[in-house]
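For clarity, chains are labelled A, B, C, D and E in written order, and residue numbers in each chain start from 1.
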Amino acid sequence: MLSVKEIHTYYGNIQALKGVSLDIEKGEIITLIGANGAGKSTTLMSISGLMHPRSGKIFYQNMPLHLLSPEKIVSLGIVQVPEGRRIFPDFTVMENLEMGAYLRSDKPQLKKDYDYIFELFPILKDRKRQLGGTLSGGEQQMLAISRALMAKPKLLLLDEPSLGLAPMVIKQIFQIIRKINSEQSTTILLVEQNANLALQTADRGYVIENGLIIMQDKAEKLLQNEEVKKAYLGIV
Amino acid sequence: MDLYFLELFFSGLTRGGIYTLIALGYTMVYGIIGLINFAHGEIYMIAAFIGLTFAGIFSILQFSLISILLIAVFFAMLFSAAYGYTIEKTAYKPLRQASRLAPLISAIGMSIFLREYVILAQTPDFLAFPMLFGDLELPEFMMDFIQPTETIIILVSFFLVGILLLFIKHTKTGKAMRAISQDREMAMLLGVNSDKIISFTFMVGSLLAAFGAILISAHIGQINYNIGFIIGIKAFTAAVLGGIGSIPGAALGGLTLGLIESFATGYISSDYEDVFAFGILVLILIFKPAGFLGKKEHKKV
Amino acid sequence: MKLRIIHSLIITFWFMLLCFPLVVLKIDYLEKSIRFRWINLFLTGLCVFFISLLWRYFLSRRRKYFLRLPEHFFDLHQSRLIRSKPFLFIFSLVFLSLPLILPNYHTSILITAMIYVVLGLGLNIVVGLAGLLDLGYAAFFAIGGYSFALLNHYFGFGFWASLPIAASLACLGGVLLGIPVLRLRGDYLAIVTLGFGEIIRLILENWEAFTKGPSGIPDLPKPGLFGIQLDFYSSTIYLYYLLILCMLAAILVTKRLSYSKTGRAWVALREDEIAAQSMGIDTTKTKLTAFGIGAFWAGIVGAFFASKNSFVDPSSFTFHESAIILSIVVLGGMGSILGVILATMILVLLPEYLRFLESYRMLIFGAIMVIMMVFRPEGLVKSVRQQYDFKNLK
Amino acid sequence: MKLTRIGVLILVLLTTLFYLGAGNAVFASDTIKIGLAGPFSGDLAPYGIPPKDTVRLAAEVLNRSGGLLGKQVQILAEDDQCKAGTATNVASKLVGEGVIAVIGHICSGATIAAMSVYRAVKIPVISPSATNPSLTLENKNPNFFRTIPHDAAQANLQVDFITRHLKAKKVAIVHDKGDYGKGLATLVAEGLKQKKVEIVIFEGITPGAVDYSALIRKVKHANPDVVAFGGYHPEGSKIVTQARKRNIKASFISGDGLKDPSFIKIGRKFVEGYYVSSPADISKVEISREITRILKSKNQKAGNFGLQAHAAVTAIFNAVKKTNSTDPEKLQKALRSEKIDTTLGMISFDKNGDILGSGFSMYQVRDGQFVPVKW
Amino acid sequence: MTNHPVLSVHKISMRFGGLNALNKVSLQVFPREIAALIGPNGAGKTTFFNCVTGIYKPSGGYIELNGPDLRPKRINGLKPNLITRSGLARTFQNIRLFENMSVLENVMVGCHCRTTSNFLNAIIQTSSFKKEEQGVIEKSYELLKLVGLQGSANLSAKNLPYAEQRSLEIARALATEPRLLLLDEPAAGMNPQETTKLDQLIMKIRERFNLAVLLIEHDMKLVMRISDKVFVMAQGEKIAEGTPGEIQNNPRVIKAYLGEEVDVVS
């Protein structure tokens, strides 16, 4: 579905990605784990078109993605939930969701999708008129995911959905991620620092370190892998 | 209430209305790309000239006043939007990645260029602008403190601010504009074509400036290439006063500035009208560093 | 290439459409006349076509340089020719002999240019080094000029007696402006300084009894030279050399300051205010010194300016003046001394030498400002901070 | 490295340009040069461009009939933007290029600054528009002349007219904060005070401000018999238009800054009855009618000071012809002694350099025309 | 002398709008101690740093820093520059170097609060100014040597590799002559070798300058290797404190920090 081939991405003069390659099949949940600053977010930004790799290619259903502008990429069905959620603070919950559906014009289906979202996250329905900036961290994360879902993604890119959330909330959110994957058959690329959590959720995983993919395997295997444990859990 | 006070109040309101229409252009552009568009006053001026050109043609063709007014407004809006669009594409868009000051200087250069362009293409002289409102009449008691054209200016500018607020609040493009001003990258990640929206913002700002230009030119009855300068500075001041980036703020700032100037003239002296306007701006910013409705910048560490 | 031409044609068409009502039509509705000036449309079209071809070509090249050579393109510092001693020697010889060979007019505009160089250097401290956007710098220029004029008018002070007072008053003005606006950031600072500049000018205009209002103050003396009576020509030449001294002093002081504790604090403040504060830099004091020293130079050349014209009036200190000085700083490259000098050449001398273009002069001036910024957004000279010598350390 | 060289190249180019510019001045030529300085760009360009057109026209006509002293006359027009700083540069430039006389400058401030240069070389300077009294009355500028009477003369006339003809008790004085406008307004105010007329308002407006309605309302409340405005026609017509709309019945009076066809054209019915003091009627003078006609055919106009500038250059031509030389001292002397037939009628200059023969008279706008008032 | 903490924080709280970013956090750092502050993202660690260094004003509680005279001095409410002068220096999580200054100059800026010359001295170039300036250069160069950046002294700071930028931040902070150094995620984005070098550096700094270090870190290996004491924060509260060994076995910490082994399949 999506294949990233040897991309090198720079921030000014600093090279953040030094040849990252990934392959994602339809319907999978893939996770990309690694430490802070390892290049996880940069990978997602490169896929989304906000940063253009200086070399290397990205293909989506055999279409070259690395040449397209962000809005084209979204219109193809690749939607990102960026790190830190980035809710529009001055928009109400409803307006935030409407922004998610920005490129859509199928009104009748839209209505159903709002209902689906509110079914998924009932709390958002109660908060419909509240400003995004006043939501709690967990609610914001839910809103961010919902907002992305409103764009009807075929491939959903999730950047650190567990960041700064209480364990209970994290649990809920990861359940939803599974649900979205199974019910809507949305392919998911999940970037996480919380390796335990990510590997439990995903089908396959990639480990990134210093802008390079150093390991890739089935999620269960990585979870058992002593190296991974040592490197990213710190404690044996 | 004191009639003199009322008179001054409405004259301040009229001025404020015009300031607001121009300030909206500054504030929207600033909100969306953080640029002080110094060429905005020049758009206002060009709109007045375009309006005069078309009003001239159709008055020679003996159209009725009201149709001339509508035609002049239409063409002024059309062309000023086109000018706004073109200016953004040539002078600002190539500088999107550059430091904050580069587009500012580019804007100053653009403003000089446009003034000289109008001098060369038309004339440096003052030109008579047709009094397109004709001889409207108001009820006797109102005529004591307000003039018909002033009523129109106040009403139209309030109306336009209202329309703009509704537009920004409820339409898809309006939402995209607000989204970009909050978080441009995130908006792009949701499929908003930010270049398009930015162009659009310039066009809307220019439209409003054009509207203001025709209103005030038809009220005052004369224009020249220099009319954009002072009004531009004042409108920018109004935008900052209200909190730059905020649309209701621009309206609030515009009205405040208009009223301050009017009362300063009426009760003190018009010699120091501008000193008061700027003095109050400085005072307000010292106590409220982001203007009336501006957002306080959070220190991000 | 073909594509480019087609594109340019489309742009040409668009511009012709855009220009039509103003460039072609000339309406006088009172006399009911419409004139069509089709030739103008043709000329506009032709200009736009070629400009757009060049524009697109260079814009695409700019991208390339932007990526590949961000730091060396145009770096005049690096040129060995310019740094070489013979070149500098010949250059300064020529520069020093200019007023002796050239007609008075050139001496006169070079004086103006040097006044702007010093203004640029002063504002460069505030904007370029300390990163505080000031849109009302002409106010300090006015304070300097008017201090001299008023001291002369009311108390008969000569130029030299007034100069230190003018400079200190301007400096004081800078600090006084600085205190209330310390809390403001970026563009709010810009508008407050703009307001301050206008207020100063308006006071000069309206306080008739003291400042003589819009008529200005005439008959100011030229600087004296140990009581020697100078005729008009020699006093201009004398002024030229004085300004060279003044400019060199400004360059020297800026350089020395910029590579001292104070200068480092300015730059640190510009780069990152929070980090600067965390390194123990007192932001209040640092900002005030920047405002004060910046204004100081404006005060000095303000007095020179008044003396050169033997006249001051408020209309010499408008917002336009502040905008031009700011443009000098930005166009030159923020923080760069050589940049200020080059940009002054372009923004002050070019309009003088473009006089043959008559009415197109200011049009082209405006266009040049836009073009320079579009193609060189980081300024003519990239300011590279001088390196400290530590090689001889152990 | 290559790119650095481009930088050097540009530096060299700039220097060359500089020397080329310098070179211009050195070219010897066989023409008589007359300088002309004023604002041809910027805010005040409308006051500078008409003099440029008329002076050039005068030179053209002269050159067609053989020029001066057997040489062609060349007009060097330089833009000073009405800024003191630029004006001194322009003055040095004109002097450096060897002009025998200068027409200009237009603004008093720029003229005062430029005189510091001209004074040194003694060439005659004739301004068509600088009305600041100090230019001639303080005996500093023996080489300065003007074809426009200074403000004091005009102010006296206005004061007389207000007190004797209009018999006003209360007068409101408004000015445009400018050099000319405020200067005139101040002189009028002083004159009126001496005659014990009450001045109810003395205030300035900002030219180019959105509207003046607040001030108009203030004027209305002061209820003066006469409003005297010092300034130029755009503001004048704006103020009177708004005042009439607000039903202010007072008489309006202004100086020559308003005597411009555009004033009536823009002000339309609202300027009817406006009193304007202005140099004596020249619409009957054959030359000025001729000039106006030619300008119109070229789509130019005489503006506020065009005809004065024409008269100024005519005076110079005449002085050169009479003295058969371009020596500044001789020219000055000739200018002081000769009577000349110009667009302004027969004029001459007094010992201060002020114009004689072109006094002020009062006009009133009636049926879209400036009509002389008999009183 | 060891029983005088160099930094003691008493129940400080910090609220942003409705959010309780810090809730009565207290901790003490003793001289020559290397302490680590850990916790999941968003636990309030950086907010804690910002309160201590004066960028935020805590909404409750107080902070004391031991002066050179060993007397505790209240520093909450002081401006950041004064806190730095009192002997507290920091680095930043997302690297805040003065990008367009050279590497050496960055460190020289750090010397700012320990020098006395003013701008007049600089203009006249008095001999005391020159001497001081030379001293600053020498000191800065020494510090660069210490962190291994002497070779890049004249590069622009923004052109340094990521890991070296972090070291430069440390050098710059050391230039302010602190008694307590706060490091905000010094190992972020470093590879294992670089991280190893970093912990040697931290040890070396402690020996050389006799100072205490408080660091926020996600790299657990590093934390466990070098710290004498570990504080754990979660959701704006301090949930544990102890030696690395104690912390590793604290179930509450494991749960909060490593992420719950949630059963997501259910």
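Here, a contact is a pair of C-beta atoms (placed from the backbone, for glycine too) under 8 Å apart; a residue touches a chain by one contact, two chains touch by 3 or more.
None of these values were measured; they are calculated from a predicted model.
A.B. asks: Considering only chains that satisfy the touch condition with subunit B, which of them also satisfy it with subunit D?
C.D. replies: Under the touch definition, subunit B and subunit D have C as mutual neighbours.
A.B. asks: Among all chains, whose Cα centre is located farthest from the one for subunit A?
C.D. replies: That would be chain D.
A.B. asks: Could you work out which chain's C-alpha centre is the most distant one from the centre of subunit B?
C.D. replies: It is E whose centre lies farthest from that of subunit B.
A.B. asks: Among all chains, which one's averaged Cα position is nearest the averaged Cα position of every protein chain shown?
C.D. replies: Of all chains shown, the one whose C-alpha centre lies nearest the global C-alpha mean is C.
A.B. asks: Identify the chain pair with more contacting C-beta pairs: C-E or A-E.
C.D. replies: Pair with more contacting C-beta pairs, C-E versus A-E: C-E.
A.B. asks: Approximately how many whole Å separate the CA-defined centres of subunit A and subunit C?
C.D. replies: Centres of subunit A and subunit C (C-alpha means) sit 49 Å apart.
A.B. asks: From the mean C-alpha coordinate of subunit C to that of subunit D, what's the distance rounded to whole Å?
C.D. replies: 31
A.B. asks: Distance between subunit D and subunit E based on Cα centroids, please, to the nearest Å.
C.D. replies: That pair's centroid distance is 71 Å.
A.B. asks: Hey, what residues on subunit C touch two or more of the other chains?
C.D. replies: 30, 206, 274, 359, 362
A.B. asks: Which parts of subunit A, given as residue numbers and ranges, touch two or more other chains?
C.D. replies: none
A.B. asks: Scan subunit B for residues touching two or more other chains and write them down.
C.D. replies: Within subunit B, the residues that touch at least two other chains are 116, 119, 128, 271, 274, 299, 301.
A.B. asks: Residues of subunit D touching subunit C in their complex?
C.D. replies: Subunit D residues touching subunit C: 3-8, 11, 14, 17-18, 21-22, 25-26, 40-42, 77-79, 82-85, 87-89, 92-97, 108-109, 112-113, 116-117, 119-121, 132, 134, 140, 177-179, 182-183, 186, 204, 265.
A.B. asks: Can you check the complex and tell me which residues of subunit C touch subunit E?
C.D. replies: 253, 256-257, 260-265, 267-268, 271-272, 274-283, 289, 293, 383, 385, 387-390, 393
A.B. asks: For subunit C, which residues count as touching subunit D in their complex?
C.D. replies: By the definition above, subunit C touches subunit D via 30, 65, 69, 72-76, 78-79, 81-82, 102-109, 112, 205-206, 208, 213-216, 218-219, 231-233, 236, 305, 308-313, 315-316, 342, 345, 349, 352-353, 355, 358-359, 361-362.
A.B. asks: Can you check the complex and tell me which residues of subunit A touch subunit B?
C.D. replies: It comes out as residues 48, 50, 69-71, 74-75, 79-80, 82, 86, 88-91, 95, 98-100, 102-103, 147-148, 151.
A.B. asks: Residue numbers of subunit B touching subunit C in their complex, please.
C.D. replies: Going through subunit B, the ones touching subunit C are 30, 34, 36, 46, 49-50, 52-57, 59-60, 75, 79, 82-83, 86, 90-91, 94-95, 97-106, 108-122, 128, 130, 233, 236-237, 240, 244, 271-272, 274-275, 278-279, 281-282, 285-286, 289-291, 297, 299, 301.
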